[in-house]
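Labels run A, B, C, D, E, F, G and H following the written order; every chain starts at residue 1.
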Amino acid sequence: MEWAIYLSGEIHTDWRQQIIQGCEANNLAVNFSSAVTDHEASDAAGDVLGPEDNHFWRDHKSAKVNAIRTKNLIEQCDIAIIRFGDKYKQWNAAFDAGYCAALGTPYITLHNDDIIHPLKEVDAAALAWATSPEQVVELLTYIINKS
Amino acid sequence: MEWAIYLSGEIHTDWRQQIIQGCEANNLAVNFSSAVTDHEASDAAGDVLGPEDNHFWRDHKSAKVNAIRTKNLIEQCDIAIIRFGDKYKQWNAAFDAGYCAALGTPYITLHNDDIIHPLKEVDAAALAWATSPEQVVELLTYIINKS
Amino acid sequence: MEWAIYLSGEIHTDWRQQIIQGCEANNLAVNFSSAVTDHEASDAAGDVLGPEDNHFWRDHKSAKVNAIRTKNLIEQCDIAIIRFGDKYKQWNAAFDAGYCAALGTPYITLHNDDIIHPLKEVDAAALAWATSPEQVVELLTYIINKS
Amino acid sequence: MEWAIYLSGEIHTDWRQQIIQGCEANNLAVNFSSAVTDHEASDAAGDVLGPEDNHFWRDHKSAKVNAIRTKNLIEQCDIAIIRFGDKYKQWNAAFDAGYCAALGTPYITLHNDDIIHPLKEVDAAALAWATSPEQVVELLTYIINKS
Amino acid sequence: MEWAIYLSGEIHTDWRQQIIQGCEANNLAVNFSSAVTDHEASDAAGDVLGPEDNHFWRDHKSAKVNAIRTKNLIEQCDIAIIRFGDKYKQWNAAFDAGYCAALGTPYITLHNDDIIHPLKEVDAAALAWATSPEQVVELLTYIINKS
Amino acid sequence: MEWAIYLSGEIHTDWRQQIIQGCEANNLAVNFSSAVTDHEASDAAGDVLGPEDNHFWRDHKSAKVNAIRTKNLIEQCDIAIIRFGDKYKQWNAAFDAGYCAALGTPYITLHNDDIIHPLKEVDAAALAWATSPEQVVELLTYIINKS
Amino acid sequence: MEWAIYLSGEIHTDWRQQIIQGCEANNLAVNFSSAVTDHEASDAAGDVLGPEDNHFWRDHKSAKVNAIRTKNLIEQCDIAIIRFGDKYKQWNAAFDAGYCAALGTPYITLHNDDIIHPLKEVDAAALAWATSPEQVVELLTYIINKS
Amino acid sequence: MEWAIYLSGEIHTDWRQQIIQGCEANNLAVNFSSAVTDHEASDAAGDVLGPEDNHFWRDHKSAKVNAIRTKNLIEQCDIAIIRFGDKYKQWNAAFDAGYCAALGTPYITLHNDDIIHPLKEVDAAALAWATSPEQVVELLTYIINKS
C-alpha cells in the first residue's frame, strides 16, 4: 500500500518540502498532493475562461477551477496535513479540515502553540497536533513503516 | 416540512437574532440551531469533567463536548448560514463550511465584501453569498415560502 | 406514512394542478413540492443579493439560490414526477432525473410519445412512463393506497 | 495518479478528439471514456437480445444496455466534461450532469453562450463553464499538472 | 419510536394477518407495510399506462410500478419479515432479502424446516429464522417492548 | 428536536436510572433506549425459536435476536453513553463503541480512572470521558439545553 | 480499466465457461469471479471449524464462510450476470440480484422465457435479460470494447 | 485480486505469524496489516509530540496517532481476523469488531471456547468463529483460492 498524503494550507514557508524530503529520507511508500501553491497562478486559474470585471466573480471562477483539483485529491487521500501559519486568514485550510472531518479522513494539524485557542474546534477533530515538519515526518514514519 | 437552519460563526453581533426575528415576521416554518454562543460557557464546556492544567487539553475537552452538539445539529440541518465577522480567526466557521460542503448540505455565507478574497474557497462551495441578515431573511422567505 | 412527491419540469401547462387535485380527490396521504414555478421570480431569485451586469452571473446566482430549495426537496422526496413538454430545452428536468437516478429515488416520466427517442436514457432509468396527469394519479393511487 | 475523464454529450462534432489530442500533446496522465458514440450502434445496442416491434421498448432495451457501460464509467470518473451542441434535445447530457451532481463528481460544461439561460441549472452545479475544447485542455492541464 | 415492519413474500396464506393481529394484541408500536398482495392487481399494475402484446413487457411494466412502492417501503423499514411458502418460485422474496442484506436492514425469515438447505444463503444473512407467525410475534414483542 | 440517547454497557448498577432521572429533573427533550438489560431474558432471547443443545448456538441465536433491537436503536441514536464497570469482559460495550465510531455517532464513555489504559482506543474515538452519571447529566444538559 | 464480472447462480451447466471463453476469444479486458461452484465443497465450507449435528447450523456455518467470499466479490464487481436454470429453487441467485440492486450495481439476468413471470421483479431491476451465454458475450463485448 | 487481511487483537502470542506463514505456504494472494504490535512503541506513539504529565492524555495522544494507521487499514481491508486471548481486557479488539460490523466488512473471530458467552455479540456479527490459526488459514485458502 502506498499512502496518499494531502498537504493543505500555508504556502509561504517550505514546510511541504521539509515533509516530502523527510519522508523520502525515511523511504516511506507515500505520494503527496496539494492545491496549486503558486499564489498568482491559483488566483488566475479561471482566467482562461474569459476575463471578469467583478472581483468576486474572478475569485469565484478561479476557486471553482481549483476545487476540481482539490476536491478529488482530498477525497482520495489517506491522511491530510493541515498547516496554519502565522499570517493571513487561512480559511481554506480550516475548510479542508472540516471537509476531512465530515469524510472521516484522518488529519494532522501543524501549527504553533500561540493559536491553540482559535483552532480548538479544528484540533478537536484532528488525530494529532504537531508543531514542526520534523514531528510530522516522525509520525508518518511510525504510522506507515512501524511493524 | 419544517426547515432546519443552522447558524454558524461570529458571536459578537446580533445577526442571529435579526435572522430569527425576520423569519418569524415572515411566518416561515423553520427551526434554528446553533453552537453554544455564550463564549465563556463554551470555553468551559468540558470543565465539569475535571480541571486541566494544560491549556491545550482544556480547550480540547471543551471543543469535543461542543462537537457532540454541533455535529448532530449540522448533520441534521437543511441549510446552514455561515457568518464571518470583521475580527478574530473564525476558523470554526470555515470548518463548518467545509463540513457542510462534504455532506452536500447547502449553505449561505454572510460577510462583507472586504474579505471576498480570503473566503473565495468557502464562497465557491456556497450556494449564495449575502452581506446582511436582511438578505438572508429574503432568501429564506423565497426558498421556503414561494409557491 | 405520508408520501413526498416532487414535481419537476415544464411550467407552462397545469399538469401540476391536475395531479394535485386528482390525488386530493382520491384522498392520498401525499405532500407535493416543486421548484418555484413563477418563471420571472425564479430568474430573479438572486437579485436580492445585488445586481449583475453579466447575464451569465445573474443566471448563475439565481440558479444557485433556487438549488438551495430544489436540492433539499428532491433529496427528501419519495417519488419524483419528471415532466417534459413540447417546447423549450427543459435541461433542468433531465438534470433532476439524473439526480434522482444517482440517489436511487424512483421517478415517473410524463411526456408524449413523439419524444420517446431523445428521452430514452431518461426513461431507461425511470420506473414508469406516463402520457397524462390522469395516469400519474392512477399510478400514485395504486402505489400508495392499494392494500 | 491517473485521472479518469468522462466525456458526455454531443456526438456530431470532433470535440472529444480535440480534447484527447490536446491532453496527449500536454502529456497529461489521463484516460478518457465515453458512451458509445456510434449513433446507429448505440440505438441498436439491445437488438442482440431479440427484435422489438414497439419503438419504445427497442429504445428502452438499448438505453439500458448502454447504461451498463455509462453508469460504471461515470461513477468511476474523476472529472466529467458535459458538452451541449447547437442541435437536438441532448437530454442525456443533462441527465449525466445531474447524475454527477448527485454523486459530487466535479464536471465542466462545454457550450456556446447562446444557451446560457436554459442551461443555468446545469451550469450552477458545474465547477466550470468552457466554450471551446482548447479551454478544457488548458483547464485539465492546470488541474492535473500544475505544481 | 414506532417500528416500521415490512412483510415480504408469500401471498397465499394469512401469515400477514396473524402477525398484524398478534402485534395488535400485544400493543406494539408498529406499522406494517407490504407489496400489493392482490395478485391480479399486482400483475396489472402497469396496464393503466397502455396495453402490451408482449408478455415480458407487460410483466416488466407492472413490476416497475410495484417497485416504486416496494423500494420506498423496504428502504424505510426497520425490520423485514421474509416469508417463503411451500409453493412457487418466490424469487421476489429472496430478492427482497438480498436488498435488505445490502442495506444492513435486519430481517427475519419465516419458513418450514424442509427448505433449510436451499435457503441457507438467505438465512445466513438473516438475524433470525422462525417457523410460525406466532414466533415472529413473540420476537417482535421482545425486541420492541422488553425493557 | 428530541435527542435520542442510547445507553450501552454494564447492567449491574443503576447508572441508567440515574441518568434518566437526572435528565428528567432537568427537563431535557430526550428519549432513552438500551439493549434488554434483563440478563436472563437477554440470554434466552432466541429460545422461542426452539431449543439448542450446543451452548454456542444458543448464545448465537439470542445475540442475533438482540441485535435486531440494538442495531436499530444504535443506528438511530444521536448520542451514545458507553459504560464500563469494574467486572466482566464487557466486550459488547466496546463493540458498540466501535460501531458508533464507524457511523460517526458521538459517544461519551463512562468509567473509572483505573481502566484508562485498556480503554485508550475506545476513549480516543469518544467525544468525552465521564466518571459519574452526574457528569453525564451535566454534559447532556449543556449540550441540549444551553442557548 | 479491467472490468470485474461476477457470475452468480446455476452451477449445473457450463454457462460460466461459455461466457469466459467467449470473452477471451474477443480479447475483453475482464476478470471473472464467482461463488465456489463445487457443490460439495461449498456445502462443507464450514466443516473445518468443527462438526455440527444439526443440519441448520451446518448449513449456516458454511453459508457464512461462503459469504466472506461472495460479499467481497459482489461488492467489488462492475457487472453481475445472474443465471437462473430450469431446476432448483436458486434463491441465492435472486438474493444476489437484490444485493446488486440495492448497491446500484448493474446486472444482466440469463434465463429462458418460460420463467419470465416469476422473475419479473428480478428482471425489472436488471439492465438486460439474455437467454444465452452467447448473448451475454455479445453484450459484454459491446459494453466494454465498442468505441 | 489481492485480498487485504487485517489482523486485530492479542499481541502476546505468535498467531499473526502462524497465519501469515500458513497463507504463504498456500500461495494465497494476500497482504496483511495490523496495528503496531510493539506494545511499548504503541504506548509511546504520541510522545514525539511532547511529554504529558497526565496519564490519560498520554494514552489519548498515542491512541489517536495509532488510529491514523488502524482507521485506514481497517477501512481498506477485505477481511479482518479478530483475536481474543486469555488475558487482558482487549477492548480494542472488540472495538475493531464493532467498527467492521458497522462498515459491513466480513470478519472472523479467533478465540477459545471458554469465552463464548462474553463474546456472543461479537461472534453474532462475525461470519466465522475459529479456535486456531490453522483453521483461519484453511478458511482463507478456501475463500480465496477455491475455484
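Following the convention adopted for this analysis, a contact is a pair of C-beta atoms (placed from the backbone, for glycine too) under 8 Å apart; a residue touches a chain by one contact, two chains touch by 3 or more.
Note that the coordinates shown come from a computational prediction; the quantities given were computed from them, not determined experimentally.
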Review point. Hey, what angle do you get rotating chain B onto chain C on C-alpha, to the nearest 5 degrees?
Key: 90
Exercise for review: Specify, for the interface formed by the sequence copies chain G and chain H, whether it is same or different in terms of residue numbers shared by both sides, with half as the dividing line.
Suggested key: different
Check your understanding: More C-beta pairs touching across which pair, F-G or E-G?
Key -> E-G
Study note, to complete from the structure: Whole-angstrom distance, CA centroid of chain E to CA centroid of chain H, is 37
Check your understanding: So how far apart, in whole Å, are chain A and chain B when each is placed at the average of its C-alpha atoms?
Key -> 23
Review point. Which integer distance in Å separates the CA centroid of chain D from that of chain E?
Key: 40
Exercise for review: Name the residues of chain B that each touch 2 or more other chains.
Suggested key: 64, 67, 104, 129
**Study point:** List of chain B residues in touch with chain A within their complex
**Key:** 55-56, 59-60, 62-64, 66-67, 84, 88-103, 113, 115-125, 129
**Study point:** chain B partner contacts - residues on chain C that touch it in the complex
**Key:** 31, 33, 36-38, 41, 45-46, 48-50, 61, 64-65, 67-69, 71-72, 76
Study note, to complete from the structure: Counting only contacts in the complex, chain D reaches chain E at residues 52-54, 57
Practice item. Report the residues of chain G in contact with chain D in the complex, numbered from low to high. Key: 1, 3, 78-79, 104, 106, 108, 127-131, 135, 138-139, 142-144, 146-147
